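Each structure below is given as structure tokens.
Below, chain A partners chain B and then partners chain C, in two separate complexes.
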Partner chain A sequence: MSARSLTIEYNDKIVRQFMIASIIWGAVGMLVGVLIALQLNFFQLNFNTSFLTFGRLRPLHTNAVVFALVGNMMFAGVYYSTQRLVKARLASDFLSGLHFWGWQVIILSAAITLPLGFTRGKEYAELIWPINIAVALIWVVFAVNFFWTLARRHERSLYVAIWFYIATIITVAMLYIVNHLSVPTGLFHSYGIFAGVQDGLVQWWYGHNAVAFFLTTPILGIMYYFLPKAANRPVYSYKLSVIHFWSLVFVYIWAGPHHLLNTALPNWLQMLGMTFSLMLWAPSWGGMLNGLFTLRGAWSKLRTDPVIKFFAAGVTFYGMATFEGPLLSIKSVNALGHYSDWIIGHVHAAALGWNGFMAAGMFYFLVPRLWNKPLYSQALANLHFWLGLVGILLYVAAMWTSGITQGLMLNSTTEGGTLLSYPNFLDTLNTIRPLMLLRVVGGGLYLVGWLLMAYNIYKSVKGASAVNGTIEVVVEDDVPEEERPLGAMVTLWNPPVIFSALGTLFACVWMFGGPFLQIVGAIGTALSVMVAWVHFESKGKRWADWYERLLVSAAPFTVLTLIAVAIGGLVQIIPGIVSHQAASVEDRLQIPYTPLELAGRDIYVAEGCYNCHSQMIRTLVPDVLRYGDYSRLGESIYDRPFQWGSRRIGPDLARVGGKYPDSWHYRHMEDPRQISTGSNMPSYPWLNENDTDVAALPAKIRVQRMLGVPYAEMTSEEIQAAVDAQATEITAGLKAEGIYIAPDKQIIALIAYLQQLGNYETVTENVASRPNP
Partner chain B sequence: MSENEKPTVLPEDSKRKHVYDGIQEFNKRLPNWWLFTLYITIAFSIGYWFYYAQSGLPMSDGERVEAEIARIQTARLSSDLVIADANLWAMSRNEAFISAGKETYASLCAACHLPSLKGKSESIAAIGSDLTNGEWVHGGTPLAIYKVVDEGVLAKGMPPWGPTLGIKKTAEVVAYVLSYHEAPQ
Partner chain C sequence: MFRRILIEDWTTIFTIVAFVTVASIYLTMLYRTLRLKRNEMDHLSNLPFTEDSAASIDSRSSAKRHE
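Now for the complex of A and B:
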């Protein structure tokens, strides 16, 4: 056996760059968060400027925190730990640099386009199509750089952190690409290929799993590296790592529909969303246990080491949030919590507590190592911790109270359940205002803590010279048999994979089969589990040996991970795509928008109205009493993007059409408080000044036709004529009410759109059997 | 307690042979309570799926809501309030009805008809018409006013409040408005 020794210098420059970017963008993202939180109490704080309105800044806040703060932090952590775990320098300095600068350009372009109102109108997927392509490309750069590094590794066996990184890279690529498939209508605008309920399903398959595979799995990987390093303790249980990794990546993907409970989403999908969310509880807590139990024997450091403080609190918040998630996924709990501040509290417990604290712990760990100089001030870091902790607790407590209060008020009925106790939505909003203000205090404290960290790190590295880690590795040219990668056959043909595949297959047959197949599936599932159990009890060593071999086989490991994460999405999304669309509309079909209404809808999307208003009346009595008959999925079947919403800071708009006169909407958009005393909705004076973009309509309608919306073929002139006719009619009506406005202003298009919300045609046999457009 | 202080090394305290950048791993067994949590959620999910998707017993969400709304409509219709001109005039002289109606008015009607009830007479920007001057666009009898509040006048932008308010509260609001007018002798 020949062996040679070689010295490797890690690429730590890229780690430093990503770390600093995360701190800076994180501060920006949180600052925007504090501003928009204040706007909810003081509507004047957009200064009547379109690009500072809540509807445009809220996407900026979420995107900044997810993609800029956590994204950059994740890249820093992944690059630092991977190099050390596989004993290899990052494969390409060029790709590393391209990854860094490409990502920053993406963030910068997001920070410019979102306030300008360029958006796709889907949460955490708002960025317009040219930026989508850039994100996908840079993600591929990241993937190539990462897997190439794995290919050049000197440590054959993959540590659990690397498993999570692999799952992150392939799953985010899959989710991002599918949810961003769209057809451009111009440089800044596109329509997604999915519409209505399909769009909703794909969006939350993406949105939920962005939480899973962008905010959770990479951070779990980071936890598995940095926490045992900082505590200087062995990881609690390898066995638990294996079980919770595979159950987490398999189960997470199925849980997306819990964002659409009690809506028009078909019930079987809602049930999958709820049950898989419940089953996700234990796998998530497996990660928390492995984190907290690793600290056994190191708890004394909790008093002295800020890094351990942040990690311990971060992992605890992870445990809290992943208990709360399943709880909120129970349909009856969701009826109360959905659309309310409870959800906001839930995500901030995770974002501030888990992501933010893990980031801070990691940065405090990295600074002395990357600059070879102790941290400037332990006291400041401790102050950061306590400010942050108090901030999170205030924030979360305020939002829980606010969400449950408003949920109870909105759902409360009186007179034997026949009347709403609070028919005026504003009564419920104004009740929670003090709590929304308390949230600003909590978030503000957290931001101050973050700025202290920035200052502390700045003082630490000022004047210090950056150092890169090095390591001596012994390279053995001859690889022993048990360290050679698995072939394709052994990857798939082995007890763990076979039994998992059989169990999943039979379980699907049981769930979705007809009466006979249900029995076959149930028996098959039970048999698979029992035989697997017996086999494991008697031949468990074979399972363990196979897994050890899998750990030295990066490509087979990646393939199995891809299979595990792909199944849930395939089962949920494919049926809706292949099934007859018109046949699945229940009893109602949406009437396609007129050109003016379509233009108005795009204004609605661009202004981010969906950030505060849902268009989905749930199958719940209080919803029906308040907003009218519950929404059928056929009523939004052509909507690109779907606008079902996720938060009701204002009332639902699914059936607002025809409820009020045009003049009501005009005055309400001009200054909502003219109509609704105490409203916190911003005024939209620029809608009276800006012209509707009629020139873009021919391209938009062409794309809609191409995607299957039954528009008649129209020339540009016909479109213009249709717009003019409808706009003139609306302006004439307004004039009769004493309102003088030109027909080409955006407000007219928006009124046209709002006034048709809730229109539908009843589906007859004839319509239902119409071929799929 | 630190693992190092344990007198004997249990088999499960054995560490894996691989050490990754100095990180060691125990191979401890899974905590029982954790396993039970996993099994219970799986068992619940199976039962839940069987009951809701396969047993055919529960109503669908839509059916359940429709049944409940039908019950509510029946209950509303069986209100023992009699809505007639004379009754509404009588209510409009009754302090309890007037103050209850005033509360609802302030919350829902004042936005368009203004707190003074004077609507367009007071401000050109107001959306609702004057309710105090004795000019009734849609008929001035108590029943006609009740009908406007109950069913709305969509063309003029008056929303139907009956579905939100029910018979009693609608009657109260009408009584409050009528309290600004002289009752016929």
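Now for the complex of A and C:
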């Protein structure tokens, strides 16, 4: 066997760039977070201007934290650790640069378009379609650069961190593309191909797994690399890390429906979401304990080393958040916590504690190595830690208390459960105001800590020379047969894959087939298991060899990981897409919007009303008592995007149509406090000044027709006439009450939309009330 | 095709199907992991400690500074 020596210089410039971008965008995202938290306490801070309202800035905050802070931090960590784990420089400097600058342009585009009201109206998926395409392209650049680097590696084994990165890259691509499938109606607007319940299911399949595969798996990979490095000892149990990986990637993807518990989502999906969420406890805590036990014998460093401090606290918050998540996925607990600040507290325990602290720990670890100079001040880093920790605890405790308080008040009934104890929603909102203020203090402290880190790092690198790591590697020209990567054929044509595929196929036939196919499926499943067992008993070495060679084969490993994560999505989404169409809806069916109502709905979405108002009356007695009959699946079947919401800072609006006169809505939007004393909702004076975009309606209705909404074919003139007729009727009614407003203003379209919420046609008798056959 | 799963009462069986599915994944991975060779485990868990040698000045950054 011949061998030669090679010196490799890592591309650490890209690591530095992503790290600095993460710190800067993180500060921006947190600053916006503090502002919108203040807006909830002081409505005046919406400044009566459209660009700075809560509804438009909240998506900016979430996108900045997820894609800018964590995204940039993740790329820095992935690039730094991957190069060292596979002993290869990143494959392409050009692709690395394109990845970095492309990502920053995307973030900048989001920061501009979201305050302007250009949004798709789905949480963490708000960015408009041209930006979606850019995100997909840049993600492909990242993937090509990463996998190309793996192909050029000089270390054949793939460390577990690399597995987590592979799962991240392929799963995020799959989730992002499916959830952003849209048909454009113009340069800044599109309608998604999914609607109503399908849209809800796909959105939370994406939304939940964005948490799983954007905010968790890459950071776990980072944990498995940086924590042992910082503690200067190997991971506590490499075996546990392997189990952690496979069980996490397989189970996580199924849990999305827990975001839609007690809603109109079919019950079997809710149950799957809840059950798989509960089973996530095991892998999550396995990973958390593995991280903490890695510090065995290094606990003394907690007192002196800020890197260890941040990592230990970050992993602890991972454990707390992954305990709380399954807890909130239990339907009865969710009935209390959902739509309340408890969820906000849960999310921030993970985002600030897990993501933010892991980011800080990694940055403090990297700075001395990337600039070959000690950190400017350990004391400042320690101060950052304590400010951040106290900030998180204040924030989370405030949100837990606030959420449980409001949940209890909203669900409280009297007179034997027939009357609401607190019928006025504002009573519950004003009770939690002190806690919402405490959240500002906690978030503010965390932001101050982050700024201290930025200052500390700035002082550390000022005047220092940037350095790249180098390594000497020995390259062997002849690789033994057993260490060579698997080819595509061997990957798929081998006993474990064949028997797994057969078993899954027959199980599906058993589950989904008719009476005859059920029997075939059951027998086939049983036979597959038995034959597999016999084969394993006699040819077990072939199974073992395949798995061990898989661990050094990046491409086949990637394909099998994709299959593992795709199964859950396919099982949940395909039945919904096939069956939950308007044609098969029972009970109630949504009436398509008139052109003016459609224009009003798009204004509702653009203003981000869904950030505070749900449109989903849950199958819970207090919800029905407060808002009316529970929402049916068919009542939002044409809605693109669905607007079921995730938080009620204001009341549910699913049946607000016809509840109040048009003048009530006019005055409420002009200044909510005219109508609702103590409301924290922004005023929307620009709706009285801006014209409704009627010119865009023909294209929008054409796309809606294309996607299956039963609109009659209409010319532009007919659309204009329909808009004029309905707008004139509304303005005439307002005029009779002393309100003078032109019919072409946005407020008229919005009133038209709000007043039809809750309209439906009855298709069949209520299924639940039918006698059993 | 999906009528049984969507319309009929599958409440009683879904939790069990979910549990069996997940348990089979856990147990399979547990078995595979326990069978991995000790020297292979040691090699993998020590991969982060194959240290870089002394860092070198980022040639491009320093070139820019001297321009």
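Just a few scattered comments:
To be clear about the criterion, the second predicted complex is superposed on the first by the 698 of 773 C-alpha atoms of A that agree within 3 Å, B and C clash if a C-alpha of one lies under 4 Å from a C-alpha of the other, contacts with A are read in each partner's own complex, and residues count from 1 in each chain.
Rule of thumb we're sticking to: contacts are C-beta pairs under 8 Å (C-beta built on N, C-alpha and C of every residue); 3 or more make two chains touch, one makes a residue touch a chain.
The structure presented is a predicted model; accordingly, all values stated were derived computationally and were not measured.
In the superposed model, A:Met271 lies in contact with both chain B and chain C.
Contact with neither chain B nor chain C is seen for A:Val656 once the two complexes are overlaid on the shared chain.
Using the contact criterion defined above for the overlaid structures, shared-chain residue A:Thr619 touches chain B, although it does not reach chain C. Of the two partner chains, chain B and chain C are each touched by A:Val235. Residue contacts after overlaying the shared chain place A:Ile741 against neither chain B nor chain C.
By the touch criterion defined above, A:Val578 lies against chain C but remains apart from chain B after alignment on the C-alpha atoms of chain A.
In the overlay built on the shared chain, the residue A:Val32 is in contact with neither chain B nor chain C. Once chain A of one complex is fitted onto chain A of the other, the partner contacts of A:Arg84 extend to both chain B and chain C.
Touch criterion met: A:Asn372 reaches chain C, while chain B stays clear of it. Shared interface residues of chain A, touching chain B in one complex and chain C in the other, are 81, 84-85, 87, 155, 157, 159-160, 225, 228-229, 234-235, 238-239, 243, 247, 267-268, 271, 275-276, 279, 282, 511. The part of chain A that touches chain C in the complex is made up of residues 9-10, 12-13, 81, 84-85, 87, 155, 157, 159-161, 225, 228-229, 234-235, 238-239, 242-243, 246-247, 250-251, 254, 266-268, 271-272, 275-276, 279, 282, 369, 372, 465-472, 511-513, 544, 547-548, 575, 578-579. By the touch criterion given at the top, residues 1-4, 15-16, 18, 20-31, 34-35, 37-38, 41-42, 44-45, 48-49, 52-54, 60-62, 64-65, 68-69, 72, 75-76, 107-108, 110-112, 124-125, 127, 154, 156-157, 159, 163-166, 168-169 of chain B touch chain A in their complex. Residues 1-6, 10-11, 14-15, 17-19, 22, 25-26, 29-30, 32-36, 40-41, 43-62, 65 of chain C touch chain A in their complex.
Within the complex formed with chain B, the chain A residues making contact are 81, 84-85, 87, 155, 157, 159-160, 225, 228-229, 234-241, 243, 247, 262, 267-268, 271, 274-276, 278-279, 281-283, 285-286, 289, 293, 296-297, 326, 415-420, 423-424, 427, 511, 518, 619-621, 624-626, 628, 630, 658-661, 663-664, 667, 674-677, 738.
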